[in-house]
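I have a structure here, written as structure tokens, and I will follow up with some questions on it.
Note that the chains take the letters A, B, C, D, E, F, G, H, I and J in the order they are written out, and that residue 1 is the start of every chain.
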């Protein structure tokens, strides 16, 4: 058994039972973004969270333990993603990558936006010309320092 | 001469003169995100915008014309970026890619967030534990339809 | 169980029963292009469509549910396809890619042809020198806008 | 001097003079699709065609001769294209590749659609919900035969 | 079940029974080159041919049906082959590729040698200094045409 | 100066003077296949051959000396060739690679067809349905031996 | 002019003058590790530091300004390094990567060792059996948090 | 059965029993770095060590024998690691690689730091601004010699 | 069943029984280098050799037949090997590759050292400063010839 | 100026003057293998050696200094070499890599053959059936040790 097996069981159960990530998140008591990532094998749950998730998806004790182990992260099968939805995010990095770099350095100096001390919020933005996906990302700025 | 030459001239002039992208954007009258991307060879300016940018960076007429030609987009030298700041965004796609996919599909059904009908806003978020980079992205949802 | 398993079952059943995609499409009441893509794991069916497809291919309830889940798209095993028929399309992108780009920009300005708000029609074109494959593609033009 | 140099000169002259591919094509007396591909270094002109193109773009005799040499084809700098417009075509091959394959084989049997005995026509399709790009492709079907 | 399973069964049966491809070809009544490629999952058999092959290798009805389905072609596990015998052919393409191109264009003009309307014959050439492998390839020349 | 420079000079001179490889080969007194490969930087000439080639293409003494140095072979810019003519040969290796392997081993046992002790002859084969490219390859069989 | 040009000038001057990184670092007043990385185009200097470095290496004002611009980081030409000394570090990541992961997670929980809030010290460790390279790395632990 | 199977069994047992690498190491009587690497399939144990590890993880005799066989090393599934923690080490090699090279050569001359005659020690470094990961690496310097 | 299955069975049996390749080779009556390569799926045995190997490793008749089939060669899972021992050989090719080329051409002219008509001998070389691995390789020189 | 420039100058001078590596090596007083590698930019010369090489190839003082700087090693332009002579060595690693590994571990235990404390000798081996290339490699065995 591996974490991948647990992820696949969660996903298959979600399809079979017709569950929603937002409902799962509400029961866990955390954001839908973090909980979905955790269920998809990218984040680590504590014992209590794993218990709730385990109950929802009918996981065994051993499977719940796997949810508490830090996973080998990286959710995509290829380095350039083939799925159109995910590719669009890759394209944003490709087209706007140097823009991100220039503007963050202009505002903060040398350093990075943390992808660890990071949170995000994904919502629907109503728009008469067609609703929009709105994503708010917030990551701590970490400066390079001399030593 | 090519668009790349123009981009390099703009960047070299910016370093030499100590200019700021936000000041350039203000003169052009558009967001700093769009104007920086355009100056870095990712977006297309109209004649008036090219004139303003041309004056700031001392571009010839021919160089200004290049700014009005749609560029071959993609700002990064390798498919997996090596620069730490840009890599963090790639890592977000790698770790959260399937989460983006699940949550957008849960909210909107099958389709994508457009990377074309798209805008973003990058700001500093003051935080006593260390300021944060805040990025608001907004892209139109485009549904797949049957035919 | 995963969507891939369902796709493989559909394909194996099609071989065993000697079915035709155009007949399947007629029963579903949509174009053969969209229905084939859906059966091959690239599009998402609604409950009624999944029911029809399920009956044709003898799918269980759970398998029909998988057809209603948005799949991880991308139907090819390698980034440069090895199959001669599919490679010819890749070659067209390789040889004519910059031509597509120049002519669409000349006609429409900066932007893309959507691969989402897209439909196509593949037909046989009779020709005394040997019949031809005719493909009509129609995709909405999406302009980049300033912001 | 190489064909690439000639291509770059043509493109730079086009930007400087503000020429249109459709006008160039009209003067050459062929479709805009073929003429653009030829000017971008993908097709071979005969002496007369090269003369017309040479006059338009101010090419020397030697440069016109290069236009009559069969080029090393392939217009893209990376195997997975980074430009969003061109990528959408690659995505169509990725998502619909197996569908192309199934439907062509269903109609014609084993073989391919030729990318050599091939022509295409790219036009604007007016649409109240936003104009569309329409591409008609026509390629001879070439069957595999036993021997 | 998939075509790959059928190929593997054919190969395993050939080893177990000590069969020869040339004998199989003789029974099918076609060249050994085409029949071997078909048995290795690269060509499509008709019902009668599949029946003969099926009898030789003890294939079920379903397996024989798979032989009549156009396969996803490409017989090698990596884009640069590791097997020394097959690599030598890749090396010929690498070393002589531009020579093939120059000489075919010199003789025929712009176009290609078809790999579809193609046949070949592989024979032993007796030689006192060591026997040689002789391969005769014949492919139709397909010209690019203007349109 | 490098061998690549000499190759480029030869090719550019050939275009400018409108020379033919078959004429060059006749003057050198060897097959057009070998001489073309040598002029394209894949084979090594002796002093006399280099002198003839040098006279035809107007090479300096130093350039003629480069023709006598064993080159770093490999004539293609990418491991999977993008040029349609050359790709067809790559496709033959991809589709028929395992067939080559099976039939050569069936006839000769374990070993390879040499790509060094190798010659080939490329001719036009008249055919009422369209002329064909005929390629005869002959390579010594080299057996693996135990030790 | 670009940062790469400045890096190359620094390196060429260092060779020509026979300078030592440790002496440069002493004049700048920072560690040899950070100063070397900065001179090699991986870190950003402030005006004063750039002035000292500029004096040592004979840099112009414009070149000194480039040293104050955040560079596009990544010092290696290939994703798997070919240089034996640098490869050994890559090998350590390859062989010990999962060990690093397990032990850091066992001690700290889910998170990473920062490569930004990071410093290191490289020294010679005398050893009768052959001196050793000793590297002390220290990076802040950054925990993933729920949100 | 293969070494990979044994590694997977060890990891699964560790999760199920909630064991700690540092406790395992203490029982084996060696450093936690070496023992973890060995349990993860990167180092070779002797019979006694394999016996202790076997008892802890409930391994059969055959499984214990596999621990004594030199493994095919390399613990990561991709050449550029996707896991954020491991990637940071890769990033250090990418950003600091040429710095490592310069400083080791400045101190020792041409040669490498051995990754074989190598040891390391990973500890927690208390810090009021957030604890740090401290890694001490020590590798023998191996000089290139003339011959 | 495939050759890979036979290789894995041989390796697993070797571990379980604690056999040595040199003993296997002695029983087969050939060099340890050739026999090990054959047992690892890289060389082809005749019936008698396969019988001896089959007896040692407890192979069935079918498995022994697989040993007599020419295998698809190439023993490594990645094109740049990750295992440190095997990587060192790859590094020798990387660092000394052009040296091999220059010296062999200087001695023999244009051609190659055969990797088919090849043998090698790997022995321990006693040395007071630490024993050395000594490898003697001998490959026939194959000249390119004109034609 | 860079080391690459110096290497190219050495190679071009060697061609122009018709020098031999073995003569260069004799003047330097070291093996032809080491001296060739050094001249090709893979090894580091001391001042005296650089002086001799500089005199032979007409190098300036600055160029001689570059010969004394440790180079970024790796002599090949692609990770899988395209040159047939060099490829054969790569093929040996591919086919015999696991054999090297098994036999060295059987003789020495876990560890590697050093590619640093390494020397080799390349000679002609007379043989009535065709002369052979003989290569003797000798590398120190470096054992992994527990810690």
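One rule holds in what follows: contacts are C-beta pairs under 8 Å (C-beta built on N, C-alpha and C of every residue); 3 or more make two chains touch, one makes a residue touch a chain.
Here is each chain with its UniProt name: A, B, C, D, E, F, G, H, I, J = Cyanate hydratase.
No experiment lies behind these values; they were computed from the predicted model shown.
Visitor: If we look at chain H (Cyanate hydratase) and chain J (Cyanate hydratase), which chains touch each of them?
Guide: Chains that touch both chain H (Cyanate hydratase) and chain J (Cyanate hydratase), as defined above, are G, I.
Visitor: Counting hops between chains that touch, how far apart are chain B (Cyanate hydratase) and chain F (Cyanate hydratase)?
Guide: The least step count works out to 2.
Visitor: Quick check on chain A (Cyanate hydratase) against chain D (Cyanate hydratase): do more than half of the interface residue numbers occur in both copies, making it same, or fewer, making it different?
Guide: same
Visitor: Specify the chain most distant from chain H (Cyanate hydratase) by Cα centroid.
Guide: Computed centres place D farthest from chain H (Cyanate hydratase).
Visitor: CA centre of chain A (Cyanate hydratase) versus CA centre of chain H (Cyanate hydratase): separation in Å?
Guide: 29
Visitor: How far is the middle of chain A (Cyanate hydratase) from the middle of chain E (Cyanate hydratase), if each middle is the mean of its Cα atoms, in Å?
Guide: A distance of 47 Å separates the two centres.
Visitor: With chain centres defined as C-alpha means, what is the inter-centre distance between chain B (Cyanate hydratase) and chain C (Cyanate hydratase) in Å?
Guide: Whole-Å distance between the two chain centres: 31.
Visitor: Check each residue of chain C (Cyanate hydratase) and list the ones that touch at least two other chains.
Guide: 33, 72-74, 76, 79-80, 82-84, 91, 94-95, 98, 101, 105, 111-112, 114-116, 142
Visitor: What are all the chain pairs that meet the touch criterion?
Guide: A-B, A-C, A-D, A-G, A-H, B-C, B-D, B-G, B-H, C-D, C-E, C-F, D-E, D-F, E-F, E-I, E-J, F-I, F-J, G-H, G-I, G-J, H-I, H-J, I-J
Visitor: Quick one: in the complex, what on chain F (Cyanate hydratase) touches chain D (Cyanate hydratase)?
Guide: So the residues of chain F (Cyanate hydratase) in touch with chain D (Cyanate hydratase) come to 8, 11-12, 15-16, 18, 77-78, 80, 82-84.
Visitor: What does chain G (Cyanate hydratase) use to touch chain I (Cyanate hydratase) in their complex?
Guide: Chain G (Cyanate hydratase) residues touching chain I (Cyanate hydratase): 80, 82, 84, 87, 91, 94-95.
Visitor: In the complex formed with chain H (Cyanate hydratase), which residues of chain A (Cyanate hydratase) make contact?
Guide: Result: residues 1-2, 62, 65-66, 69, 72-74, 76, 79, 115-116 of chain A (Cyanate hydratase) touch chain H (Cyanate hydratase).
Visitor: Spell out the part of chain H (Cyanate hydratase) that touches chain G (Cyanate hydratase) in their complex, as residue ranges.
Guide: 20-22, 32-33, 36-37, 40, 42, 73-76, 79-81, 83-86, 88-108, 111-115, 118, 120, 122, 124-125, 127, 129-142
Visitor: Which chain J (Cyanate hydratase) residues qualify as touching chain H (Cyanate hydratase) in the complex?
Guide: Residues 30-31, 33-34, 43-44, 70, 72, 98, 101, 105, 109-112, 114, 116-117, 119, 142-147.
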